[in-house]
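Take a look at these structures.
Next come two complexes built around chain A: one with chain B, the other with chain C.
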Partner chain A sequence: MAKLRLDKLKPLVALGVFLIAWWIMPPVIKSFLKISFTEFQAPSWVVSSYLEDIQGFWARRSHSKIELIEAGRELARKKAYYQYIAQRNESLEAEVDRLESILHMPTRREFRYEVARVVRRDLSAWWQQIIIRKGRDYNIPEGAAVIFSSGVVGRVVEVNAFTSRIELVTSPNFRMAATFETDGRPVIYQGVVQSGFGRATGSVNDAPQDIIANSQAPLKLVSTSLGGTFPPGLTIGTVSWLEPGSTGIFQAGEVTLDERLLSLHEVSVLIPLNPLELNNDVP
Partner chain B sequence: MSQFDVHKGENPRILLFLWLVIASAGVLIIGLAWSQLIATNEFKELEKRQTERRILKPGPRGDIYDRNGNLLVGNRPHYSAAVYLDDLRKEFRKEFVTVRNEADATLLQVFQETPIDERPDKPPIANRSDCAWTARMNVIQRYVDQINQITGRSDTLSQSKVMRHFNEKLLLPLPLAEDLSPDHYARLIEQLHPKNSPIQIHTDTARYYPYGSAASHTIGYVQNVNPDADEIPSDGIKTFTFKKKRGKTGLERSFDESLSGSTGTEMWRVDPLGFQDTRLKMSPPKQGKDLITSIDIDLQIAAETALGERTGAVVAIDVRTGEILTIASHPNYDLNDLSPFIPRTTFNEINERGAWLNRTLQLSYPPGSTFKLITSIAGLRAGIFDTETTHDCQGVYRLGNRIFRCHARYGHRITDLAAAIEGSCNVFYYSEGLNMGIDVISAEAKRFGLDQKTGIEVPYETSRLVVPTKDWKREHIGAGWVPGDTANTAIGQGFLLVTPLQMATVIASIARGETRTIPTLKALSREEGMQVNHGGEPIGLTQKQYQKLWEGMQRVVSPDGTGRLIQIDGLPIAGKTGTADFRAHGKDVNLAWFIGFAPANNPQIAVAVMVEGTKSSDSFHGGSTAGPVAKDVFLKFIDKYPERAGFPTARE
Partner chain C sequence: MFLDPRILIMFGANALLLYLSLLVNSALSSWSLYLVLLGPMLVLPAIFLRHRSYLLCILLTGLWVDAALPCQFGLLTLGFLTAGACIFQIRFRFRAEHNYHPIILSHSCNLFCIALISIATGFEYLSASSLWIQILITTVLSHGLLTIVAPWFFDLQRLLFELCRLETEPEDFPIL
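And then the complex of A and B:
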């Protein structure tokens, strides 16, 4: 009979002890360990992202002067264009403020923008998160809306000292109130499990029956201010089809999202200037 | 001697047990074979009944449209926040332990503080069932509070409601907050985590009325009810049902069957405690059929706007088909206030205003002078008077010791039939009414169906319709018929009671030269409209008699007629005004009537208007009070259907 090699069981015993210890450990310590782990891990992500920036910097240094001059010109043209747009927006905003004061409309939530670099992407079928290079050091609040040039990116779900975790709009754990651009009635947008191939998608539910979408004229799904997190009118995606949902009257459909969502480098966090007070600031 | 027992072959003493064991095993094997091979179906059914649950979800109701495709009744989202109790079981258990420990500790403290000689042998323990309910309520209330915090509402949930839900609808979601506004709905969607929070946002439907109070009595409202027992399959599988909407009044009630959607079914396998485990089958609910009504919402709004705050009724009918174009009763109520349920304060407020009553068909009134058209037709048909007959109206008519007055104080002087209609001369009709007698008048009124319900597709049409006869008075009043009764009946007063809807059918029938009009609220196709048979007979007047009657009705809406305010340039209108006295609920009420049709030379639309007023109302008269309401309806008719009104169109 072979001699029982108890020493071979050592790793299993160690694992068992560790699991039992973790199981009986007080939640406070568990939480502390988890946060500490993230905080200790974060600098490596931040360093890695800075290294990427340096890499990008040197890559751009290799361009010829002619290319740089051309890029500078292009940049100047764009800047001029955006300056014009900004001026027009300013005058429109003033006009909107004037009309709102005449109509005694309630003031809208104002936001300030905090632009942040993406340092890491955690993308799988079930979770879709990114980590940005700003956290409590820039007063990023939990629950804040995150956007990019083409619309909604997601929502801040965790804020650390120097980084923040963003739940992407593609994630099944992300849900928000939305409206179709030409319709004021609220619908539900929710991310879905991503296939990993093709474009990112989400789902829309509770769409009224009279809304018709087709691939020739896809409907634009935009954010609504009703939910309290996002300002109105930000693009979420487009809806090419709607079909009767399980209620027998409301429709459900697929939302095609911007393909750049999964390769973002820079995003803006919208920080409310007057934070939402759930107790007092009722709809 | 061997240290061990050695088997010595058969031992007779244990053989008995051997056979007993074999027999018992045989019984078990046969039982097993019986249950597994022969009684399979029976046990399958039993297993199914024990482990399967059915959820029935009624389909949304169909929409209701007006004749031009405008949505009168639709379905709006009805948002609610709910939890499946199954999702809270872990929290229930955790909370139960806390509650039980606290309760036991309290009892132990009381026990210890009690003097030894008074205390029981053992410390008492808390009632476990009470602890379980307290724990459940604590958990549920926490989620209600969370919803309140996000929405700013102040909802609460009673223990009795939770207990009822727990015992009767365990598989259905427990509503924590109902009828959420779109704002609340949006906030909850964003503030609650879709996966981590057990609170789910449910979207159901509630009836939605884009035109608010327009045609409220006719459209009707729905009530949330539990499905009937016969709607639930009787296969023994426990079934949970969501409440369905059932038409309570109006078209919602009359067309309930077709408007109701088909019920969706979900089959669930449940665990031994009854909580859901796996969904086995799902068929979605389907929306009910749409209903296209004959109502023209623009005409309806014109009529209701013209009625304003006054109490009254307006009915407009398509003369040819009997389709109801407008049917308004005031005071009315905003149907949106009754959806998804009727708050008690709203019910009481509507009740106090008397707005629940549909005055077009649920209440009956004396028709006043509008009835003179029936009296005229009766007299002409019976040969009691002819087109040349005249009377000298001096403002009063003496009958025995009683004096019956004409509303023209100094009389209408010499009046023939057309002039009597134009001026609504009572003296002419007192005299001719007495000549023809009540039997002739009653028979004519009955020929026009005034003693019968119209049969319109709206429930609760009153049966308190009175076309008085000698027998009727003897039976109901207990007195004999006197000539004064005939005189009063001839001018539409006395015991006569009709509904505004009936008078609309009467004037539509006269416009067509027939005795009956079957009103309908269903929009008819062109072919159906051509084939409508109202089931009456021709009025039976000679051409000359018709002309005289028409002349009288047109002179009513002429510069000297009682309906002069109704005149519209280019639209010949024929009609009759009326004013009647009425006593209702101990109050004297004046009634202003107008019935008429247009164009007089090619009748397309017939209108009946009745407005209630008090004795103190100034210048209360059919022509000046009810007439302008009818005029607004005619004007809108010209606007909507210029060709039918005989007006040139841009195409022409």
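And then the complex of A and C:
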């Protein structure tokens, strides 16, 4: 009879020991391990992001003076336009404040905008996340809303010392309260598993029966203040069709999101100036 | 020696491969394409090193990958240890001085990693056809690229062994 070689079982024994150790290990040690390894590799991502910035800088330096003058002129035009918009915005805000004080309405949540560079994008069948170059060093809170020039990007799910991880609006784990721009009633937006090939989509549920959407006049889905995380009126996407949902009472449909979500370079984190106190505040 | 110094080279090469693959993934995001190139990371440690060194190398690599990817922490460490244990059991059957066997092993391990991530992360969406399409595209792309990346990766590791004047052959067989 062949002699049983116990040394052959070493890897299996090690695997078993690891499994048991991992199972009984306190979460605080696992958390410590994760944070240590994450923080250890974070500088490499931050450095590569800065290198990309330098690369962009040198690429722009290679432009001719004529091109730069043209770009400056275009920028000056846009600046003048935005100055006008800012003035109008100021007067409208003053008007809104006045009306709110007359009607004794509760104060709205105010946010500080923290602009951050995207250092990495992890968009796959399993996860839809990006990493930005700001973390605890800029007081980024977990759960904060993240937006870009075309609307909602997602929510901060993990904050590290110099980086933060953001769950994108395309992720099936992302869910938020929303409304249609032309209708004040709340609906639920949720990310879905992406079908790929550069098309970003989501889903809308609990839409009232009387809302009609078609591809000629798609409905714009915007954020609402109901969740407490996002300010109202931010674009989420457009809805081209709605059909009866699984309950039959409400409608559901597909939300077409901005394709630029898949190639973001810069985003803004909305940091609440007066954070919600869950014991006292009702969102 | 208590621990094989080749651990450092293997772990460093693994970290480099992960970093490069994530950089490529970041660039490919606008086309919704993703690459999983985890298979080659555990092949040479399992074939070349003694058990103690192999275990440390795989454990460090697993934790490193787990911290970098948004999956559940510990999932890939466990996956690497499982796949590594299987290779370690039968490692005397493989020719480590050429790339043929390591490449085949790296493809198998990569497929195992994709299956593991799919089951652990996308289990609740397994009924969604779009998930399967994405996984299929990811698998085909990753394994297509792996035919180029895996030989380069193994040659790089062997070259680093040579440059650092370390042993370029596996430890004595059978298993020690």
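Criterion: the second predicted complex is superposed on the first by the 257 of 283 C-alpha atoms of A that agree within 3 Å, B and C clash if a C-alpha of one lies under 4 Å from a C-alpha of the other, contacts with A are read in each partner's own complex, and residues count from 1 in each chain.
What we mean here is this: a residue touches a chain if its C-beta (ideal position, glycine included) is under 8 Å from a C-beta of that chain, and two chains touch if they have at least 3 such contacts.
Note that this is a predicted model, so its numbers are computed, not measured.
> Report for A:101: first if it touches chain B alone, second if chain C alone, otherwise both or neither.
Touch partners of A:101: none, neither chain B nor chain C.
> Check whether A:172 is in contact with chain B, with chain C, with both or with neither, and answer first, second, both or neither.
A:172 contacts both chain B and chain C.
> What is the contact status of A:149 with respect to chain B (first) and chain C (second): first, second, both, or neither?
neither
> Does chain B (first) or chain C (second) touch A:139, or do both, or does neither?
In the superposition, A:139 contacts neither chain B nor chain C.
> Chain B or chain C: which reaches more residues on chain A?
For chain A, the partner with the higher number of touched residues is C.
> Just chain B (first), just chain C (second), both, or neither: which does A:194 touch?
Only chain C is touched by A:194; chain B is not.
> Which partner does A:274 contact after superposing on A: first (chain B), second (chain C), both, neither?
Neither partner.
> What is the contact status of A:89 with respect to chain B (first) and chain C (second): first, second, both, or neither?
Neither partner.
> By the touch definition above, which chain A residues appear in both interfaces, chain B in one complex and chain C in the other?
172
> For chain B, which residues are in contact with chain A within the complex?
Touching chain A from chain B are residues 57, 59-60, 75, 77, 149-152, 181-187, 189-191, 193-195, 201, 203-205, 261, 264, 282, 284-287.
> Tell me, which parts of chain A touch chain B in their complex?
Contact set of chain A toward chain B: 172-177, 185-186, 188, 190, 205-206, 208-209, 224, 226-230, 244-250, 278-279, 282-283.
> Mind listing the chain C positions that touch chain A in their complex?
15, 19, 22-23, 25-26, 29-34, 51, 54-55, 59, 63-64, 66-71, 73-74, 77-78, 81-82, 84-85, 88-89, 117-118, 121-122, 125, 128, 130-131, 133-135, 137-138, 175-176
> Give every residue of chain A touching chain C within the complex, in rising order.
Touching chain C: residues 5, 7-8, 10-12, 14-15, 18-19, 22, 30, 33-34, 37-38, 40-41, 44, 48, 120-127, 129, 165, 172, 192-199, 259, 262-263 of chain A.
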